[in-house]
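Naming follows writing order (A, B, C, D, E and F), and every chain is counted from residue 1.
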């Protein structure tokens, strides 16, 4: 049995994540989905809590019929780069390869001799958390950038409203 | 849909955990299993890593046919008791009640007005991680204290050997 | 007896703080003044230490004849937003409401079901720590933006000089 | 104007603290009361939160008519002894001397060239937090070991019950 | 015997550091070289690990024939400015003076009554870590800004390549 | 060129350390001496600061004529065992093997595939920091358990007095 590890912040989960996960599931028996910056929430960069991100990812994995094959694990930041892969290894079940489009993630796992596979970003100019969050701030449509189940969940928990309040905060707060 | 939260250290998973989980699954649609002291491992109190504990719990939930209903989340300690329930709320999906036999867990969640349900320990003198770890140290049989699938997994990863080396360490290291 | 909680960074204490505190004292028997980012000092954003901020606030509360009704508590940052209100609850005596003009503070306390009251900023374009610090950097007059007692205290401890040295540092230090 | 600094954990405030504080107030214009291990609570060693300890100390200082002269500051532990006095200096207003009966506190402040005054413990075999907590555990009378106002406050917040639950927890939890 | 303390981040070691170290060695029997932000690495601001920085500094001190007189100590950040000099004092052997061109370092050590000596930066527009890292990013020549031994070492460990990958990362990663 | 890594707490440096270091120097070109629990000091378990331990080890390495071959690096604890070897790798220059008599150190480095060499303790019943500290507490002779240069240095900085005050503290402080 083989497992591929995939780490993202999922703020929110978008179609780019979906493509990556589909590929990893094709090439492996199971996928470990690490939720990065798990300790952060209610910030513009990380509006969702780790708990909400677990919920959102479970919804989409269930819709793909792949919940049984998914191991979803929140990974708090450690702010000490060389040590971060060891924390990941500690927190998740055994895996064979790391899939990532993130240059730093690739570099750090390489240091520990772990097999890395570079993922090409699909439509990176659109499928990106920061792009979606900016669209929400500007009041633009972002529905087609995320799976429909994700869109419905985010609506239910007031994702747009939260981001708007966080932006209001950022613009008001003194530096 | 209702969810019950259950938090343990699972060092290792034993029959007492099994009874609690069965009850929670009877009374709820889904169970959130929080893995406490997730950051600790390779210590006598916490020999297994969080990753190994996730693996072990998945094995037993699968054997119960309840993997789809189980949300397994590692929870690192925060060493600031009043703040700990907020970290749990942050890291796990929404839940309605906390089930626990741990007096401190009950006290702390009560402070935040969360519904708590006291779980009676079954055969506490036997079904307890520390009892199992002591039996291993003394070379006594512990097989009947854990589900068989757990026993096989722990054998595979060298659990007994690890505990014995940790004890050797503790006896040698200068205080 | 009722208490209102008010949290600021007080870098430095200015007339906007004064208006807020007066209102809270009118509507409550006592005020809890939480000093945010208490662990930070000697930075451009937070030049004063928590100890200096306590001193400064005591001076102004004394001048208002309200020292007995004031509970001043430094609150170190926790860098985990969802958990921050729990730390505040831990560090300060019981209170009934949070007064704040800070959108994030309001959002976070709402999550815990605590009563929040939105404070309107008075003359926000002037009464703001960052505005005062910028005026000092540019050598502009800032005396009328803070209570006179505060101005005298800040002069005594060399506030202007400290800010200028911190700016010199920031401009020189390599990024 | 002179200030003396006094640091304790106040679990709970007892007559020994009262004697020390009286002496410091006689020898100084103001007293700074540092609440040590401020981040800890709901443990057998530190059952009360920092907020509750502030409340309790305010009650007794008010009864002494010395609230105006008291600066009460919670001090979280730093777990790096050499650095701890610097954290204290950061968090409290300027002071001239440290009063303490604690050998480590005296040693550490000496390293920074700060004037220390050794306080003799009065009736140390009785006036001690751990003695009081043990009496509560055994169901013995402890009323005469603390100021009456403190006793009434602790009764109101359920101090005895909390300690008994914490002991129950400690005896049950697996090591 | 006298010792001068010098603290830098050494990302990388450049000729400006060399001038400072020569002067300190002329005025003292030994030099303590503190490596700041020791916990950071694989970031654009701090590409090298503490271990690599120790190696690089040893190479240059050896080439100067001054290895015996050099005490090289990594100093992790503490993110609490007032407390930072105490951490330095804790981690390094006794010293008499701090040499620095860094305004904040001078300010903080002054608070603790430690003798500080301001170092003038030599050719600051060139001899600066950030300038060198920017030249690498732009593909410009930087060889003459660092001692030759340092250049050879950095080439051997792939310094340019690392910086380019880190920049690639920074430009791609979502904010 | 080969390097061996040796990690100890050196509270204080004793003849057991000396034997180990001599062997490592025989088998390698250079030795890296990691000072564990570097953040701790003024405790019974770790009375000396990291700075004092660096000084002490330099004295003995100089007396062995091996200062040039010694790389002495303080290593703060991380309280997350699986991650600790990565921190060591981050903080020290490249090495080929870890020498240790500490079972946990061996286990943890094995997890990362690093070559470990088990060192036999020489006269472990005597050559042990805790034994020496206990002798000092009881007023027994300990001079012959440490190199003479170490003994002289510890006398100069008041090691015995410090330990006695720390013991006084521990016996007085309330638990």
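Rule of thumb we're sticking to: contacts are C-beta pairs under 8 Å (C-beta built on N, C-alpha and C of every residue); 3 or more make two chains touch, one makes a residue touch a chain.
These figures come from a predicted structure and were not determined experimentally.
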{"item": "Remotest chain, subunit E as reference, centres from CA atoms", "value": "B"}
{"item": "Contact-richer chain pair [B-C vs B-D]", "value": "B-D"}
{"item": "Distance from subunit F to subunit A - Cα centre to Cα centre, in angstrom", "value": "43"}
{"item": "Whole-Å separation of chain centres (CA-atom averages), subunit C against subunit D", "value": "27"}
{"item": "Length of the line joining the C-alpha centres of subunit B and subunit F, rounded to whole Å", "value": "36"}
{"item": "Residues of subunit F whose C-beta touches two or more other chains", "value": "39, 41, 49, 80, 82, 89-90"}
{"item": "Chain contact graph, described as a line, ring, star, complete graph or other shape", "value": "other"}
{"item": "Complex contact set, residues of subunit D against subunit E", "value": "78, 80, 82-83, 85-87, 89-90, 112-113"}
{"item": "Contact set on subunit C toward subunit E in their complex", "value": "39-43, 49, 162, 165-166, 168-169, 172-175"}
{"item": "In the complex, subunit E residues that touch subunit F", "value": "38-39, 41, 49-52, 54-55, 58, 62, 67-68, 71, 73-74, 76, 89-94"}
{"item": "Subunit D residues touching subunit F - in the complex, by the definition given at the top", "value": "9, 45, 79-82, 101-104, 107-108, 121, 124, 128-131"}
